[in-house]
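The two complexes that follow have chain A in common; it is paired with chain B in the first and with chain C in the second.
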Partner chain A sequence: MVEYALRRALYGVLVIFMVTVFVFLALRAVPGDAVRIQLADAPGVTEEQIAERTAALGLDQPVLTQLFHFLGGAITGDFGASFSDGSSVGGLIADRLPVTGQLGLMALAIGVVLGVVIGMASAVRPNGLLDQSLRLVSVSGLSVPSFWLGLLLVTYLAVYAGWSPPLIYQGPAENLGGNLAQMTLPALALGAAAMASIARMLRSSLLEVLQSDHLRTVRARGAGRGTTLFKHATRNSLLPVFTVLGLQAGGILGGTVILESIFGIPGMGSLTFEAVQMRDYPVVLGCVIVYGAVFVVVNIVVDLMYGVIDPRVRYR
Partner chain B sequence: MTDRSVPSSAASLAAQTTVPGTVRRPAGRALWRFVREQPFAAAALAVIVVLVLLSVLAPLITPFGPTEQNRSAIQQPPGGRFLMGTDDLGRDVFTRVLYGARTSMLVSVVTVVAGGAVGVAIGIVSGYFGGRWADSLFQRIMDTLMAIPGLVLLLFIAALLGPSIRNSIIALSLLVIPAVNRVARAEMLRIREEPYVDAARANGCGLPRILIRHGLPNLFAPLMVIASLLFAGVLIAESALSYLGVGTPPPTASWGRMLSEGTKFLEIAPWMVVFPGGALTLAVLAFNLLGDGLRDFLDPKHRR
Partner chain C sequence: MRNAAPLLAVHDLHVDFDTPAGPVAAVSGVSFEIEPNETVALVGESGSGKSVTALAMMRLLGRGATLRGQITCDGRDITGLTEKQMRSVRGRAMTMIFQDPMSSLDPLYSVGNQLVETVRLHNRMSRARAVERATELLDQVGIADPRGRLRAYPHQLSGGQRQRVMIALALACSPRLLIADEPTTALDVTIEAQILELIRGLQREYRMSLLLVTHDMAVVAEMADRVVVMYAGQVVESGAAEQILRQPQHPYTTALFQCIPTPVTDRSAALTAIPGAVPSPHELPPGCRFHPRCAVAFDRCVTGQVPLFPLDGGARHSRCWLSGDAASGRADRTVVTSASVPGPARRRR
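Here is the complex of A and B:
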C-alpha cells in the first residue's frame, strides 16, 4: 500500500512535470511575440523599448535556457510575474485557489449526495416508474451543458422568485450566508453532470451486486428490502462510483472556468479566463499547471481511496 | 463485441477483395434489430437525422438569413413571424439555431473523425507494442494531455491559436485523441493475443497489414460507442469555447456564441438563451442516448 502510494505519487510528479514542459513549449511554439502583443496597444512604443522589455523578461534567451529557468522557479511555486501589473503569479494563484476549491468541493458534494440518493432510489425497483423517470433525469443531467444550466437557474429564479444571487464576492469568513447564496447555483450547475454519472453508475453497480450470491443469502435470512439495500449492497457497489468521481473531477475543474466568469466568482477559473483574454502568458502558464496538478492529485487520492472502501483491493 | 469470425490464412490470402474479420450481413436487418432492442437509442438516432436534415436544409426552411437583421423587430418574443423570437440585432433566433447546428455539427464531425483517426492510429500501434518503448512514449504524452482538465486545455490551446473554426477543431481534437487512444489501445492489447493475429504473422503479414486488416475491423464496435459519446462531449466543448469567445468567431451563427450574446439580456429576452441551449442539450442528449444504446446493443455483457 505504502509502496503503491509512493509510486503513484512519483508518477504524479512526473506527469505534472510533463504538463509544465508541454505548456511552456506550447506557448513558445506559437508564432507571435508575447511582448509585441503586450505593448502593441500602447502608443509610441519604440523598437528599443520592445527589445528592453524582452531582455528584462528573459525572452531573448534560448528556449531551453528559459525552460530550465522557469522549471527552477516553478518548483518553489515561483511562476514569474504577471505581464499586466507585475504581481507574482504564485501569489495570485494562492489567493484564488481556495475560492475555486470551495466551489469544486460544493459541486462534488452536491453531485455525490444527489447521485447516491437517485442511484439507490432507482435500484429499489428496477425498471419501475420511479426508476424510469430518475434515469431520464440522470441522462438529461449528463447532457445539459453546465453553463446553460447555470444561466437558466439564474433567469428562472429571477423571473419567478424575484431572487438573484449577489454579484459581489464575499469570503465565507466575512459573510457565510452571502457567500453560499452566490456559490450554490454555480455549484449545482457544476455538480449536475457528476450527479448524473454517479447515479447511473451506482444503479448498474447495485443491480449487479443485488444479484450476487451473498446478497441472496442475506435475503434468504429474511432481511427486508431496505436492510439488503442500505446495509449490505451499497458498500459493495461504491467502487465503480469512485472511478466516476475521478473522471468527473476533471469536468468540475474545467467547468469552473466558465461558471466563475458567469457568476462573478474570483477564483482560478476567472483568473485563467481573464489572463487568456489579456494574453497574460505567465498567469496562463501558472493557472494551467496548477489546474493540472490539482487534477492529478485528486486522481491519486481517488485511487488510494479504493483500498479504504474495499479492503479486497490489492495494489500492485 | 461483434462476431469475430476467424479468417483462415488461406482465405485471407485468396479473398483480398473482402475485408477479413467481418461477416457481411444486410444492414437493414441489423438496423431493425437495433430499433427493436434499443427503442430510446433508435429514437435518438432519428432526432439526430432530423437535426442534420434541418441544418442542411436551413435555407429552404426559413425565409431569413443567419445574419439578416430586422431593425424593426428587435428582441421580439417568440411567435408570429419569428418562431423563436429575435435577438438584440433583430436576427431571427430560429434561423440562427438552424445555422448554428451546421457550425456545431460540422466542427464536431471533423473533430471526431480527425481526432479519432489520430487516436486510433496511436492506440493500435501502442497496443500492439504494449509495454515496449513506443507504447510508453505515446502513453506518457497521452497522460500529459489528460492531466489538464478538458476545458482548461481547450481554452489554453484555442487562446494560443486564436479564435477560428479551424483552431477550435485542433484544440478539440486534443480532447478526442487521448480518449480514443485509450479505447483502441485496450482493445489492441487483447486482439494481439488472438490466434488469428498469430496466424497472420505466421503468414508473413507486415505490421501495417496486421493493424489495419486484422486489428481495425475488430475494434470497430467499441469505437462506434466512444465516437458517439465523444460527439456529445465535443458538442458541449465547442459551445463552451464559443461562449467564452475563443471558438467560432462572429458573425457566424453558433450555439455557444448565441448563448453568450443572450446572457446580457437574460431577464428581458430569455428566448435568446433558452432556444440555442435547448437545441444544444437536445443534440447532446441524442448522442449520449445513441452511445449508450450502441454499447448495450453491441456488447451482450451490458444487457440487462
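Here is the complex of A and C:
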C-alpha cells in the first residue's frame, strides 16, 4: 500500500507539471499585456518606459525561455515574484492558504455532515414525505451554482433580517465570532453542491445495500436498527460516497475563487482572481500549482480510504 | 404420535406481492406445524413458494409483500408484531441461513467481528468472553484454527467454510428453530454431505427444530422427519417422511422422486424431468394447479379447486382427487391428458 501511495504521488507530480505548463502557455495566449494592464491608468507613460518594464519582468524573452526559467525556479521552491509589487509568490501563498484552508474545510464539513444526515434520513423511508422534501433540497443544491447561492444568501439576509456579514477579514485567532460570521455563508454556499451529491449518492447506495442478502441475514439474527443501519448498511454504502467526495472537493476548491471575491475573503481564491485580472503570471501559476497539488492529494487520500473501508480492495 | 405443543404453526398463510400488474399471490393458504426437535422439509421446485413461506415466517419479506393468516410461535401470533417486537423473535426463537453464504455474510467485517456482534446481541457478556464463545462456535462448526480464523474476512474463506460460519452465526443466537433455505445448493456435493451432517449433529446438540427448504428429494430422504410438499403456492402433500418416501400420494411428489438419478439409471436415456414449469402466479391454471403437467389428470382436475384430503386419520394430507377417491371409494373419471411423463404415477396405478 505504501508503494501504491508513492507511485500515486509520483503520478501526481507529473499531473501538476503538465497543468503548470498548460496554464503557463494558456496565460500567454490570453489577450492583454501584463505591463500595459498594470500601467494603464498611469498618466504619461511612454513606450520606452513600457519596454523597460517588460524587460525588467523578463517578458521580452521568448516564451519557452520564460517557461524554462520559471520551471527551474519552481523545482527549487522559488515561484518568482509578483509582477505588481515584487513580493515573493511563496510568501503570498503562505499568507493566503490558511484562510482558504479554513473556508474549504468548513464547506466540506457542512457538505459531509448535512449530506450524510439527509442521505440517511431519505433512505429510511424511501418516497415518504421526508424523502420527497429532502429530494427537493438536494436537487436544488445540485442545480444552483455556488456563487449565485452565495449572492442570494447575502441578499436575503440583508433584506429580511437586516444582517450582512462583516466585510473586513479577521483571523480566527483575533476574533473567532467575526471570522465565523464572515466565513459561514460562503462555506454554506460552497458546501451545498457537496451536500446534495453526497445525500443523493448515499441514499441510493443505502437503499441498494438495505435490500442485500447480508443485511437480511443480519436482521435474521435479531439485530436492531442501530446495528443494521449504522454498522452494516452505512459502511457498505460508503465507497461511492467517497468517490463523490473526492470530486466535490475539487468543486469546492474551484468555487473559492469566485466566492472569496464576493465575500471579500483574502484567501487563495481572491488572490488568484486578482492575479488573473492583472495578468500577474507568477502568482497565477503559483496558485494553480497549489490548487492542483491539493486536488491530487485529496484524490490519493480518497483512493487509500477505499482500502480502509473495504478489506477486499487490493492496491497494485 | 404428536403430543408436544408445536413450536411453530403456520395457519392459512397467504403472501401477495405488489406488482405493476396488480397484486400477485405467491403463497395461498399454506398451513403446517413444526414440533420441538423435529426436522420438517419444505419441498418444491423453484417458484413453488417455499422460500417465500420461510421468509414470511421470519417476517423478512420486505416492502411490497402483504401477509395474511397466522404464524404462531410458542402460541404467540407473530404476524402483527412490529419490526421492533420481531427482534425478540428473530435470533432467539428462530433464525435462518441462506443458499449463498458469500452474499449472506457482510464482506466488510471479519468473521470474528460478526460472531462477537451476534453473541453479544443475545447474551450479556464482556467482549473477551464473547471472543471466547466465538472461537468455541467456529470450533463446533468444524473450522480448523478457529482462533486464527476469527480475523479472516468472508472473501478469504471457501464456500463450505462460509456456510459453516453462517451456521456458527445462527448458533450464536441459540435459536429453537433453524430455518435453512437450500443451505447446500451453492456447494460441492462432497461439501454438501459434510454440511448436512454438521447441521444434523448440531440440531441434536442444541435441541433445535429444523425447517429445511429444499428441492432435493435425496436431501429430504437423508434428513427429514416430516415433509411438506409445495406446488405453485399451495401445500399439495404433507406427512411423515417415511410414508411419503415409501408411498407418495400426490402425482407431483411422485414426479419429484422420479427426478433423482440412481446408480442403476440407464445412462443412455435422458434424465427424467417433470415436463413444463411451475406456472407463474400471474397465470395459474383453473382447477388443480398441477394438472397441465400431470400424467394422470382427468376431467375433474381441470375445473374446481381440489381440497387437501386428510388421509390415515389426518396424519397425512394430499391435494389430489385420486387420494380423495381412494379414501371415499369413488371412481368415475375420464382421462383428459396423457402428459409425456414416463408415467411414474401411471405405473403406480
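Heads up, the rule we're going with is that the second predicted complex is superposed on the first by the 275 of 316 C-alpha atoms of A that agree within 3 Å, B and C clash if a C-alpha of one lies under 4 Å from a C-alpha of the other, contacts with A are read in each partner's own complex, and residues count from 1 in each chain.
Simple rule for what comes next: contacts are C-beta pairs under 8 Å (C-beta built on N, C-alpha and C of every residue); 3 or more make two chains touch, one makes a residue touch a chain.
Computed from a prediction, not measured in an experiment: that's the story for all the values here.
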With chain A superposed, do chain B and chain C clash or fit?
fit
According to the stated criteria, A:Val19 is in contact with first (chain B), second (chain C), both, or neither; which is it?
first
For the overlaid complexes, name the partner, chain B or chain C, with more touching residues on chain A.
B
For A:Thr217, decide between first (touching chain B), second (touching chain C), both and neither.
second
Between chain B (first) and chain C (second), which, if any, makes contact with A:Asn236: first, second, both or neither?
second
Between chain B and chain C, what is the tightest CA to CA spacing in Å in the combined model?
12
So which positions on chain A get touched by both chain B and chain C?
none
Which residues of chain A touch chain B in the complex?
15-16, 18-19, 22-23, 26-27, 30, 126, 139-140, 142-145, 147-148, 151-152, 154-155, 158-159, 204, 207, 250-251, 253-255, 257-258, 261-262, 272-273, 276-277, 279, 284, 287-288, 291-292, 295-296
Can you check the complex and tell me which residues of chain B touch chain A?
140, 143-145, 147-157, 159-161, 232, 236, 239-240, 243-246, 259, 263, 266-267, 270, 273-274, 277, 280-281, 284-285, 288-289, 292, 304
Residue ranges of chain C touching chain A (in the complex, touch as defined)
58, 60, 62, 84, 87-92, 95-98, 100, 103-110, 117-118, 121-122, 153, 155, 166, 169-170, 172-173
Can you tell me which positions in chain A touch chain C when the two form their complex?
211-224, 227, 231-232, 235-236, 309-312
